[in-house]
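Accompanying notes for the structure given below.
Letters A, B, C and D mark the chains as written, and numbering starts fresh at 1 in each.
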Amino acid sequence: MSVLAAGTGVFKPPDPDGFRRHVRDHKERRLVSKVMSEHEAIERFVQDGDYLSYDCNIWNRGPASLMRELIRQRKRDLWIAAKFTAHDATLLVAAGCVSRIDVGWMEVGRVIHEAMAEGRVQLFEWSNGALAYRQLAGALGVPFLPLRYLGGTDVFRTSGTKLIEDPYTGQAVCLVPALNPDVALIHVNQCDEFGNARIFGAGVAPVETAMASRKVVLSTEEIIPNEEIRRHPQQTRVPYYMVDAVVHAPFGGYPGSVPGLYRADVEHLMEFGAAQVQGKMAEYLDKWAFSVSSHEEMLEQRVGQEKMERLRAEETIREGYYE
Amino acid sequence: MSVLAAGTGVFKPPDPDGFRRHVRDHKERRLVSKVMSEHEAIERFVQDGDYLSYDCNIWNRGPASLMRELIRQRKRDLWIAAKFTAHDATLLVAAGCVSRIDVGWMEVGRVIHEAMAEGRVQLFEWSNGALAYRQLAGALGVPFLPLRYLGGTDVFRTSGTKLIEDPYTGQAVCLVPALNPDVALIHVNQCDEFGNARIFGAGVAPVETAMASRKVVLSTEEIIPNEEIRRHPQQTRVPYYMVDAVVHAPFGGYPGSVPGLYRADVEHLMEFGAAQVQGKMAEYLDKWAFSVSSHEEMLEQRVGQEKMERLRAEETIREGYYE
Amino acid sequence: MSTTRTFTDMEQIICTTARMMEEERLYFVAIGGPPLIAVLLSKRLRTPNLTYVVEDGTIAPAVQMPAPAFLIASSAAGYRAVAWTDMNTVDFHAGLGYIDYGVLAAVQVDQYGNFNSTFVGAAYERPARRFGGPGGANEIASLCWRTILMTRQQGRKFVNKLDFMSSPGFLDGSPDARQRAGLPADTGPWRVVTEMAVFDFDEESRRMRLLAVAPWATVDDVLAQMEFKPLMAPSVETFDLPSEEELAALRAEVDPSGRTIRGRWITVEEEDGRAHLVQQEAAGEES
Amino acid sequence: MSTTRTFTDMEQIICTTARMMEEERLYFVAIGGPPLIAVLLSKRLRTPNLTYVVEDGTIAPAVQMPAPAFLIASSAAGYRAVAWTDMNTVDFHAGLGYIDYGVLAAVQVDQYGNFNSTFVGAAYERPARRFGGPGGANEIASLCWRTILMTRQQGRKFVNKLDFMSSPGFLDGSPDARQRAGLPADTGPWRVVTEMAVFDFDEESRRMRLLAVAPWATVDDVLAQMEFKPLMAPSVETFDLPSEEELAALRAEVDPSGRTIRGRWITVEEEDGRAHLVQQEAAGEES
């Protein structure tokens, strides 16, 4: 069994035993309430320099309200996993929060281009699947997993992937290192005060992300009683003991959609696009993050009841989510 | 990266590309009906010498009616994965169907002892988790997975586990070979005619078993319309394209329980126990398998409407399964 | 009698790709873009029972037409699927050999069908233009049995050397190159579709081969838009223009917002079964 | 005034184990047997909010009392869980360090807490007695932070050399032996509980150490039922008999069928705070 080739990229090194020690020393195994404000959750659980993973994106069930809080608190030097991410990365780079990005796919425009040109952000190449899979490795508690892609490409060459001779078949197979983010932000449909969470619809990798991350912050459209969780145990995707904070955030996915609840605000997404093209990200960030003190205030003062009602009404598909 | 130690046990060797070729050449990608009789399903999809995996066991949501059909058709020389299996292995050994067993845990009595003493059955040591995990490796399409147990024990020594130096952390970690059974028998709560299947309750590894196996035979308590499947996509655990046969088998888990539907027939389980102790397995097999032509006939003539109604009535918990 | 038809380059690419699709095969597409639109068009017009999986874990959805303007990752995109899973799950299904065709968009492609969706120009650290990254393309191009690539016919896209190989074709074209790199056996690119041409790959050399051209283009027109010279099929066929029916379905039902189907306008006049180019816009900067 | 109490060896083992349990810890038990019964007893009497996961993927269920006769893998065992998952999932949770204690039954144990649940006697191919195999014990004993072993106090169970090491204790007892074998750091056996004694393990030598004995037994009684001589705690404590309350809960509510709690009967007379053995059945053949 030999290493046939190895990429030379920088990656967050796997440390399964370090992860275990963190869990042992910091995770609450009792059923205790973890409900707190977005301010407290981000302040306590996101540190400058953290490797941050979020699930889904600003179009769809992403933790948009938590991201805006992160921006408001001016977190710095984050390293993010951009696995199928829309302009989330752009937003965090524009706000100066992020200096390293593991890329699967992200929308790239002026903000990322300028940040790259000025050396404010470093990109590391992976793929959507590889990042989801590296988090699966992290979720399994193992240091690496074999996979049958990446090999032969420049992604292999510039990443932390290795090509080995499989000791069972003798054939070549790649390995990727486990990814255990320091912190995960996940927006869910429903959870109880302890963090037992339900997520409806196809996702990217919410379960792997929660399992793989040292600290897990949930925002949720709804807090439901533990009794209701226990009446339908099959619906629980993340168990309470993985969760550090529960933030009650109706419309927490805004401007994205939460399927079955509200559609995306296309007008807002276009406003973002225009702000980037015009070099007016500072104004955008000020309007939507810095000039409001909380998600609730943003909804009230910037979105308004009428629009929220319209976005709910226009999400006509509830089947499979809430029916 | 070197192999530090390796077990010397015999195991079904992983062959991811062979599996892929089987899928390419034999799996139906169209939505076509796969509903057939248990006789046809077992005749077409279980060959003598196959490696067979079933999910759960004869106490609980096991594919009991398919196993009895397998016995009736006198399948021979099967190799089974006994991952948390009750007396299922005993039953198949008593009927002469099985010659090799990968052991996680199984009930062991006179039948297994005698078969071992007479050299009719060979046992290979793993654990429940290791067998479920080897099937996960098979389900991921990779030749092996790393894991952090088995090492240091006699299970390691007598199995196909290897200990390697992890090329990422430099630490010792075990590898186990992927297990891709030739055929899986899985009893499900509901599926459509194409094989899109729902399974309610905690299971052992139904999804991994279906994904990892070349041929997949489902028995189901209920066949529901595809339209109903599509109304609740999140409930689907196995997609149609993995499934080769759908057998409509109400009470297919009998004498075991299907949680939420009917409880186990403890009287029957005691009858089995007594038959083994008394060396009367031939009579037991004759009564419950050979002397009836089908599951339906067995239910009618050996169980009876009254008992079935009682077993249904006594399963008072429906919450979380059907409510 | 002559008729005039006007369509975008992307509409031609989508229609040609859609016509290759078969109901007895399973397709893998990324969350949005031309591949999804091609699948939806084929389902709408020719293969209503075709099934596909999406990178986000959606399996065999039944998208209602007309599709909403913002289809990507919306509830409409997953409507009446047979299962909602996640990214790893559908990648596993591909890894197990269940998925016949991956359909993908490429920014640059080389003669072995390797392709780029990461950056072009200058060096990696300071690219002339940075793109979104491979997304799911690397796994889809590695794990599905066959890959269909959709791209525009431009010299800067059909290059001798990729600026970055984001996803694999036949790598260096040597026998078993993919297997030696750790990829599953017997997989690889199958067709490359542009507005002007369809290519396949030679069984032996693994080099790209010109199979068919648009009725309004010549082989030389195609070669003029490639840095490398492809092999030639024994007889290069001519494929059809987008039909009125296809264009109507695309514009009114499959992509009513025009997000994906927009592109360079091409006007073609057909007369006595022959077609010739009347007018086309210059190639833009878009990918 | 004297009182007489009669209980089975297994009832003593279960009660002693249950008393070690804490609400702020998470437990991992196999699908049935003494470990599950000990957890349920503790929940019933002392630690109602204790949570545990079961090998089949059940997370934190709320089993109603009295438990049904056929609890194993029935709907009653998973009742009002917070999640129903599968075997791999709960093993991953253990692998990630979430699970504090694994509670397991053993057929044979050696001085380093390695244990056997596979076979005893003669050779592997022709065992004198074959057992069911490790089940989930190997992973539970490897991945949980601490393991509690439940077994009967018999010379043929506390052996110098296991007939088969199904699951790991401290292996050969050398420093980092578990890590060198690929197991997570800082894990291992924590207590061994029998009807007659409680053992822990010396921090340095990793050898089993006698910590406490039953009020009706002496250290010598315990040593007479072991092939190897354990280390001795500085002061060997005495643990309590099963209380009337514990026995009532066990027999009427936790295991009303008596499937798990049956065993060898022990009768003890208590007088002036001292207890002595009045009568006990001979050790049987059961594991």
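Some notes on this structure:
Quick note on the criterion: a contact is a pair of C-beta atoms (placed from the backbone, for glycine too) under 8 Å apart; a residue touches a chain by one contact, two chains touch by 3 or more.
A quick note: this is a predicted structure, and the numbers were derived from the prediction, not measured.
With each centre defined as the average position of its C-alpha atoms, the distance from subunit B to subunit C rounds to 41 Å.
With each centre defined as the average position of its C-alpha atoms, the distance from subunit C to subunit D rounds to 61 Å. Each chain gets a centre from the mean of its Cα atoms; for subunit A and subunit C, those two points are 29 Å apart.
Each of the following residues of subunit A touches two or more other chains: 16-17, 140-142, 147-148, 171, 173, 201-202, 231, 233-234, 319-320. The multi-chain contact residues of subunit D, meaning those touching 2 or more other chains, are 58, 78, 80-81, 84, 95, 143, 184. Shown here, the protein chains touch in an arrangement that is not a line, ring, star or fully connected set.
Taken together, the chains touch in the following pairs: A-B, A-C, A-D, B-C, B-D. Only residues 23-26, 49, 51, 58-60, 62, 78, 80-84, 92-93, 95-98, 100, 143, 145, 184-186 of subunit C touch subunit B when the two sit together in their complex.
Within the complex formed with subunit D, the residues of subunit B that make contact are 56-57, 59-60, 82-84, 103-108, 112-113, 116-117, 123, 125-130, 132-133, 136, 147-156, 158, 163, 171-174, 201-208, 257, 259-260, 263-264, 266, 315, 317, 319-321. Listed in rising order, the residues of subunit B touching subunit C in the complex are 16-17, 19-24, 27, 29-31, 139-142, 194, 196, 211, 226, 229-231, 233-234, 236-237, 239-242. By the touch criterion stated above, subunit C contacts subunit A in their complex at residues 31, 54-58, 69-70, 72-76, 78-81, 84-88, 91, 95, 114, 118, 124-127, 129-139, 142-143, 162, 164-168, 171, 177-184. Residues of subunit A touching subunit B in their complex: 1-3, 6, 13-17, 140-148, 162, 164, 166-169, 171, 173, 175, 177-178, 200-202, 231-234, 319-320, 323.
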